[in-house]
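Two complexes, one shared chain (subunit A), two partners (subunit B, subunit C).
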Partner chain A sequence: MKRVYVNEEWCLGCRLCEYNCAFANSGLSDMVLALKDKPVFPRIHVEGDEKITYAVSCRHCEDPVCVKSCIAGALSKENGVIKADPDRCVGCLTCVLVCPYGALAPGENGVMLKCELCLENSCGEPACVKGCPNRAIVYEERGETA
Partner chain B sequence: MGVEFLYPEYEVIRSTDRCIACRVCERQCANEVHSYSAERGAMISDESKCVNCQRCVSLCPTRALKIVRSDCVLKANANWSNDTIREIYKQANSGGVLLSSMGNPKSMPVYWDRILINASQVTNPPIDPLREPMETRVFLGKKPDRMTRSPDGRLVCDLPPQLELSMPVMFSAMSYGSISYNAHASLARAATELGTYYNTGEGGLHEDFYKYGAHTVVQVASGRFGVHEDYLEAGAAIEIKMGQGAKPGIGGHLPGTKIVGDVSRTRMIPEGSDAISPAPHHDIYSIEDLRQLVYSLKEATEYKKPIIVKVAAVHNIAAIASGIARSGADIIAIDGFRGGTGAAPTRIRDNVGIPIELALASVDRRLRDEGIRNNVSLVVGGSVRSSADVVKAVALGADACYVATAAVLALGCHLCRTCQTGKCNWGIATQRPDLVKRLNPDIGSERLVNLMTAWRREIMELMGGMGINSIEALRGNRLMLRGVGLNEKELEILGISHAGE
Partner chain C sequence: MSRYVIIGNGTASVGAIEGIRSVDKTGSITVISEEDRPAYCRPLISYYLEGKTKLENIGMRGADYYSDSAAELLCGRKAVGIDADRRTVALDDGEVLPYDRLCVCTGSSPFVPPFEGLGTVEKQFTFMTLDSALGIEKSIDAASRVLIVGAGLIGLKCAEGLTGRVASVTVCDLADRVLSSILDADCAALMQRHLEEHGMEFLLGDSAVRFDGNTAYMRSGRTVGFDVLILAVGVRANTSLISGIGGEVNRGIVVDERMATSVDGIFAAGDCAEGFDASSGGKRVLAILPNAYMQGHAAGVNMAGGSEVFDKGIPMNSIGFFGLHAMSAGVYEGEMYEERTDTSIKRLFTKDGLLKGFILIGRSERAGIYTSMIREKIPLSSVDFELLKRSATTAAFPPESRRKMFGGAV
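Take a look at the complex of A and B:
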């Protein structure tokens, strides 16, 4: 399955991915309208220090512990993509606790937001990948992982 | 220090309607122009630090930024321009020699733009490069004057060593140190993929790039930095750098701050020491001395590699080239006064040397007149900006062109001309690891290959229009060129007729 991968050697820590992500998932067609003067809730987060930075987003694990642990049944796996159902999420943060990658974070109203590979939003392909200025984030097939 | 009199040259115009305060501009500016003011809840800028490299403009996701030249200028004066006055202020502030980067930006004549190319009509049909084979390959090196046969009648095919180029363009010298590891990686990979060559400049060859040796020209310059046996063996050709178009008559100076880690190892000098290339080669004071170095290098590499001698285009270039052609060199590279640099004294860059178009035309004619044109191939650089410039250069007599400014532009350079600060926001002219990583060689090499592929297509179109199907048939074919708006003397030197003639 194609996944989003980060080549930390080329990540500049510019955080454009975070803004492109938040915009792609805003449902709006104007980035300014979507993000200006508002708190931003991206589904990808740049982490690191002064020496190295990398963007973290959901790995879409083969055997996802978040799905197993979700007490509300809000997380599910469809065609390999782990999806979150905001209507079911109760904001208990168990998934945040169990995710070994730290890939999940709550959104504005406390329900979980997670990367769904932009397959169903306005971008249609991962916005973080499309907008990365240094090709540090790629969307490709690399074989299955745990 | 009191008032410096230097009002910022640029203004950072930020559309507050569009700015989403994502702070990408702040993170990407090595000059620290942008910052976020929590008190104001908005981005602010210190335009006095801006060099107009446009990194922030290019990365701003909402296109909220533009950099404009400040219209706060001094009273108009046709003699004392704003730039001239600013230079006076700078020197009065610092007492130093003015430094500049990249090529001469002054409004001197660009002869390429006053030369027009011919096309076939009616009596001599043009060729469609999409339907007919077209040859853009060139071979650089000494060519035999005549065919010879062995006693049993067979053709003697022993040629002196040649460089084979898929198109008449190579990437010219930029040292590892003046430009980054990733810039070199991009050039090396692109040259290999394109079937042409890049040039190490005077900084040695990083051990990671020996694998691209078959597409590398290794340079030996006055400082001899990074020169050792394996280095000479690694390259496809060896270039002796006598001069550079941007700074004829002076050497080089890479500040110690750039001599870090691998740069120091590759140059074979201690970390933090300034790399000073002397103005002359201290062992070369005549053509005979040059001949000794040419043959030392040939001897060291068993006569398997062509030797290039690179000189800056200066007043007596034809006589100089004639001497070089007799020195045993296989290729002469001439660098015009608009050639780029990572740092040069401004006065030298802007006032020394001559245009490459005139130098090329007079060298080609001189070598032909003296019957030694086949002794050497001619490569010209110093602002070859497009495929049309390449075609004009070939028609004026060049075997190939050297491009570097066009190559760094392809890598992202925005010609802000502040390479000397070492804070290149595009990851090209810098050694700061956080900036170097901004140039991903996967992207860089791809862009260079794209650029050269596009030029090659255009060269074929231009050749086809002239009814020429081989670049070799265009070389020195000055009948294919006409001048516009040039005086008699200029036309005479260029060896071309005026348009309409």
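Take a look at the complex of A and C:
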């Protein structure tokens, strides 16, 4: 399955991916309207220090511990994509407690937001990858381990 | 064709169904459920009272789950005995079900101490099932005074769910702090203050000793008037089906890392089972939902002839009240690293070169990175712990392990 992979040597730390993510998931067509002067809740997060930066988003684990742990049945795996159902999530953060990658964070109303690969929003493919100026994140097939 | 029988219909049971079906698509699965409904998300009963979830969203799986999984659900029926030699389970209505492999997923029951005068209390409940939540909902109104005995997870979640729907919520506990099973004194004090700010009242280090109608007589000599009483003193694993046939039972049904009990052909999983605790090295009942699912899944796979080991269970919890979250994991032993503000506490416990446990209040970002350090026993010497203790980040990991994490399929 295609996933978002990181080339950390190439990451500029510019955080464009975070903005593109928040915009793609805003449901709005105007980036200024969607993001300007508002707190943004991207589903990808640039981490690192002075030396190295890289963007972290959900790995779409083959054996997703978050799905097994969700107390509300809000997380599910559909065709390999790990999805969060905002109507079911109660914001308990159990998934944050168990995800080994630190890939999830709640949005403004406490409900979980996670990368769903933009397959169902207007972008249709990961907006973070599309907008990355240096190919520091790519969307491709790298073969399954299992 | 194998015949699988599962006793109980909670999270562990669903894990077991999915574990069995990951190996064996054709064997028959029969699920015996004392509660008269398909499996639902038990922790949501307090969110239901609070109005944060609706009944139609409480089911654990979709409407066609049992038929899609080719599992037969016997609702409102109770298993009353096992015959391990004949490999049969007897139900309360006299029916006897044969099995090849059996999984006991009976969960736990509220423990109700023999309080004097309890029988005189008209509106009294425990808080373990959706039926109990619906019963409580029916018996309260905006003028109700609610007394909850027990300031543990279940008592406080119930209290949160009721706050705002009733006139007052008072919680008493013999322990001198809230959430005494997961929080130390400082962390409990921070959480208690937050709960009080949201209207809960506490009587700690004190508990009811006697009831008379709508009055509780406390150990301290105080009296508390109430309209609705909720008993959330503690829970006990439902082990009697296995102890009844001489199987090994401690606090829970003792299982190995394949979830097999001491009785041939019988497995156990979830809140009723006592499995391995990777953080302490001993055996322990880990009564949390993620554990129930994973144990159930492992049991199911092994029942169906596959092989799955679950030896990474640790105690852990994420629980929020009125927007303040408390996370905890592992054991609180060894050296402590601490960061504190007025509204948050972070405490990490390290010993023998490993992260052994943590408590995080109001600081939940990427906590799973800490949890997996405990679970996977990642040596502190292999990471930049100076960085990691300040911030849960994979930046503290060596580049090779990061490349594996973010560059390979997982």
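Things worth noting here:
The rule is simple: the second predicted complex is superposed on the first by the 144 of 146 C-alpha atoms of A that agree within 3 Å, B and C clash if a C-alpha of one lies under 4 Å from a C-alpha of the other, contacts with A are read in each partner's own complex, and residues count from 1 in each chain.
As a convention for this text, a contact is a pair of C-beta atoms (placed from the backbone, for glycine too) under 8 Å apart; a residue touches a chain by one contact, two chains touch by 3 or more.
Fair warning: this is a prediction, and the values are worked out from it, not measured in the lab.
With subunit A as the common reference, subunit B sits beside subunit C without any clash.
By the touch criterion defined above, A:36 lies against subunit B but remains apart from subunit C after alignment on the C-alpha atoms of chain A. By the touch criterion defined above, A:114 reaches neither subunit B nor subunit C.
When the two structures are aligned on the shared chain, A:72 is found in touch with subunit C, with no touch to subunit B. In the superposition on chain A, A:83 makes contact with neither subunit B nor subunit C.
Annotation for subunit A, partner touching more residues between subunit B and subunit C: C. In the superposed model, A:19 makes contact with subunit B only, not with subunit C. Touch criterion met: A:136 reaches subunit B, while subunit C stays clear of it. Contacts of A:105 after superposition on the shared chain: subunit C is touched, whereas subunit B is not. Judged by the touch definition given at the top, the superposed model places A:10 against subunit B, while subunit C stays out of reach. Closest C-alpha contact of subunit B with subunit C, superposed model: 16 Å. Against subunit A, in their complex, subunit C makes its touches with residues 15, 41, 43-44, 47, 52-53, 57, 59-61, 289-290, 293-294, 297, 316-320, 323, 325, 327, 329, 364-369, 371-372, 376, 387, 392-395, 399, 402-403, 405-410.
Partner subunit C is touched in their complex by these residues of subunit A: 1, 3, 5-8, 47-49, 52, 54, 56, 59-62, 65, 68-69, 71-73, 87-88, 90-102, 104-105, 110, 142-145. Of all residues in subunit B, only 17-24, 27-28, 58-59, 61-62, 433-434, 437-438, 440, 442-443 touch subunit A in the complex they form.
Note for the complex: subunit A touches subunit B at residues 9-10, 12-16, 18-20, 23, 31-32, 35-37, 40, 50-51, 131, 133-136.
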